[in-house]
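Listed after this line are the structures, all set down as structure tokens.
Here chain A shows up in two complexes: once beside chain B, once beside chain C.
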Partner chain A sequence: MNHAGPTPVSTLGAIPIAAVLAALRGRGLWIELGAAVLRVQGDAPGLVAQLQSVYRCHPFLTQSGWADLHVRIERPHGLRRWLRPQVVFESDGRVPFEPFPADTALPLLEWGTNWLIGQRLNHLLLLHSGVVERGGRTMVLPAMPGSGKSTLTAALSLSGWRLLSDEFGAFDPVERMFRAVLKPVALKNASIEVIRRFAPEAHLGPEFPKTRKGTVAHLAADEEAVRRRHESAAPGAIVLPRWQAGSPTRLEPLAPQSVFGAIAFNAFNYKVLGAVGFDAVVHLVRTCPAYQLIYSDLADAIARLDELWARLP
Partner chain B sequence: MPSFACVPGTRVEAMGDLWAAFSPASGETLLLNDTSVAILELLSEGAMPLPAIVERLARDVARPEGEIETLLRDHWPKIIEAGLVCVVGQASPER
Partner chain C sequence: MTASTGKVVTQLAWLGAIREPREALAWSLADWERVVRVARRLRLLARLAESLESAGLLEQVPVEPRQHLIAEQRLSRFRIAAMQWALDRIRAVIDDPAVTLVLLKGAAYLGQGLPIAAGRMPSDVDILVPLDQLADVRARLLAAHWAHTELDEHDQRYYEQWSHEVPPLVHAVHPIELDLHHNILPPTARTKVDASLLLARLRPSRWPAWQVFDPVDQVLHSAAHLFYDSEIRDRVRDLVDLDGLFRHFGARASFWDELPARARELGLVEPLALAVHFCVEWLGTPVPDGVRGALVDGGLARSRRRWLVPMLGTILMPQEPDERSSWQRGAASWLFLARYHRWRMPWHILLPHLARKARLRAGLSPER
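Let's look at the complex of A and B:
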């Protein structure tokens, strides 16, 4: 009798480049994000190495029973295949965006996939927030763009907190739990250097200058976050971050009416969900203590959040 | 004279100093103050025309009807536009 256990799956970062290239040009690369499965195909130059860098701990899968999102990143036909080359994002036969320069295939994949997630995963309430977990409970970090959410989420994920997502607070309104949408954390401009200084050992992918959002780079999710990507977590607390130059760290309680607006009206699909979304937000506001975090020093901000977590009932 | 009623299925939940209200008709969510919610609460008992709304609210909160009319002028358009209240046609003549 054969008592062998399941065959271990290699990680994307450990696989020979030729195998990843073959997958992308063939039946695809399946990336399990937790709440969704992404299937990627295409011939975009440089994408293989970029994926191996920022999804390095994700399992290397070339087939699966299901994918929620089917994406192709490809060079267009015609002149732009060679002259100032571009790449296009295609999903389910549609090209929803303008082409990107060919050397920005990864940012195009990441932003395009985020857009698809926001459109498709309507069995979940998708808050626009970072989400990290410790002790089985989540800290939800909803924020407007430019507030420092991704920088703080990245730093927390490098400080003993499990990353679920830097973009989507994916709340299951039936189970009333948060689910991971585990993609690399997108860092922009000055925050790239902030994270490099904060954690020199952190694995950052290549930098892409001159994108529409400036220079972007991606922090790969660590092995533990990937291993636990299917593990849901209960709501814990809501923290609205705001980076403010020179500010001492302040953690101030927020009134329920402020929190309701911050998470409902900033969610990707609140209106789509109707009463289900309304009930879910009411539940979160009533369940989770909420705070505004104003900070300039990342390490100090994280220390305050660690203290908060130790005090949570 | 038209009567007004709370849209069936309207949800109202306390949120700190305000109330979150959801309309199934429009899909809109608003944060309302006590006055607007008092109007919705009244109309959840049954449809009534505006003068009756003013009279009842004035009696319930012990304020002059003129003051209530002014308050209604401020809040009424918002809750109508949000789909929280709807017109239900002419009121039956009193017997």
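Let's look at the complex of A and C:
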């Protein structure tokens, strides 16, 4: 499937800022996420530098034959353009959210695009989970409150696992494969420091201190994840993480029926997909061994998961 | 056709693919990108998907837009199933042959299995009961765990006295809202419809206990709903529905004889004339010449035609995906809203109502 015109010359991180600015204010910037192509436009201040940071390895595309999502992040007309300035998220003639303060353009783009993906990509079953891949098999990390799903997903992506997504387990019910929705990993509050300590060389974008979820920063997807963004991957195992202070690493097998709920009822569009969604989840829980991972030491947890993968049937 | 009308038709040419899906196979990827974006906003994308699938052509669509068609189709089928289930449960709750239950709009099209029933994107279920049965039906629904969303005293009074419907009803188990009507237009409006005339000509639907308006009344209701509603942006879908109704019911010759007469009887000549005008000009709906002439010339005074039709045309025309709003569109929208408010309520009720809304929007307390 042909996604863009000629082979892109360079990555977003390497391009002069003026070129990215021109694209955003002109016809737009196309960002290939794997399962979807995002087109971004707008005059939001600061957005250029933010995009160049957290999408640094993504190819710099100023034209494409297709985009699935068309988004504008821009300054509103009227008072709020100047007074306590705001930015607005607009897509296809609709403004689905309240404006954000102008210095949080990137979080608005990220959350807004996630919302659009959850609404639109109903040809796929969208689990609410992180997904990483190793040796051609995926590890699905369902998002449960307090699970530290994003922290673990980020750490795995820095430890030799290929990142597909930190938010969407985008499962094609026909091909029965997972597809990448490759966006930067969103880290919140304490997780930011955890990842900084875990991998000091990791490329974190700017911190946004006053969002409605606390302080947010983004880990850019690395070169390999970007290069392989169009590669789908077969299901491997389901791991329900739970961070528990002081706990030794424990990996406990779970029966399929106890994982069904965690996978199905947490999915963004399970209800909409009806029977298709049900069959897909049944397939996943029957073919993937499932585990509960309880841990406090990130590096030790990852070592256990590496071990698990070596033994995977 | 004037030059401007020619342009209008070209801009909407893609709508033809809903009836003739084969036309879509000639589209480039750029054409598809535009159609997917506009059709989704107009709530017509699933309709296009269902047409293509019925014609066995979906697999021939390029994969990029095909994914969007499939996605929207799933959303549509989910919502249609939710609507059918809610209607089935409401019937089970009411379960009383003495109660008259009437399906409106999308629910009616579904209940009759009309061609325009496929690919709908219902956000709520519209039903109607006679005014003298309203309190009883409402009580039974509330007892079955349907509930009104939180409303203050002013809003409650708005609905009780000035509206043709009760406040929307929601249910913990049903993903869709219920709108319970006793008339098709508000009692305070300048155009009043006698609901008993509509109720005298009900027809059965395919579903037990549920009835629908006479086909002529369904067309008139659709036209009134389009041209007498506060929100006309992105309402091309209603024109597409009207086109579908004209084609389906218009196959019966007597339909065209009854239509103008019934419009006069109900006082809905103007919305019908506007509906016929736009359907013929924009969608090429086949309307017998005699009918068309009588309606448009008789139904629309020349003076109104000079400003009303262009104004409505400006707002009804869907905005292109990357088009920024023009001043013409803004001015037309303002005029339209002013016209709507003047129609909807007499001045002595309207002004306090609007003042209250303005205070709420500015973050002030609603009472002075």
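Rule of thumb we're sticking to: the second predicted complex is superposed on the first by the 303 of 313 C-alpha atoms of A that agree within 3 Å, B and C clash if a C-alpha of one lies under 4 Å from a C-alpha of the other, contacts with A are read in each partner's own complex, and residues count from 1 in each chain.
Throughout what follows, a contact is a pair of C-beta atoms (placed from the backbone, for glycine too) under 8 Å apart; a residue touches a chain by one contact, two chains touch by 3 or more.
On a predicted model such as this, the values are computed, not experimentally measured, just so you know.
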First (chain B), second (chain C), both or neither touched by A:282: first
Touched partner set for A:274, first chain B, second chain C, both or neither: both
Chain B versus chain C as contact partner of A:264, first or second or both or neither: first
Which of chain B and chain C A:246 touches, first, second, both or neither: neither
Touching partner for A:78 - first (chain B), second (chain C), both, neither: neither
Contacts of A:93 with chain B and chain C, given as first, second, both or neither: second
First, second, both or neither for A:200, with chain B first and chain C second: neither
Chain B versus chain C as contact partner of A:313, first or second or both or neither: neither
Chain B versus chain C as contact partner of A:121, first or second or both or neither: second
Shared chain A contacts, counted only where both chain B and chain C touch the same residue: 271, 274
Touching residues on chain A, where the partner in the complex is chain C: 1, 65-68, 70, 92-94, 120-123, 271-274, 276
Touch list for chain A against partner chain B, complex: 255-258, 260-261, 264-265, 270-271, 274-275, 278-279, 281-282, 285
Chain A-touching residues of chain B, taken from the complex the two chains share: 9, 11, 13, 15-18, 20, 22, 24, 27, 29, 31
Chain C residues within the chain A interface of the complex: 29-30, 33, 37, 40-41, 63-64, 67-68, 70-72, 74-75, 77-78, 81, 175, 234, 319, 321-322
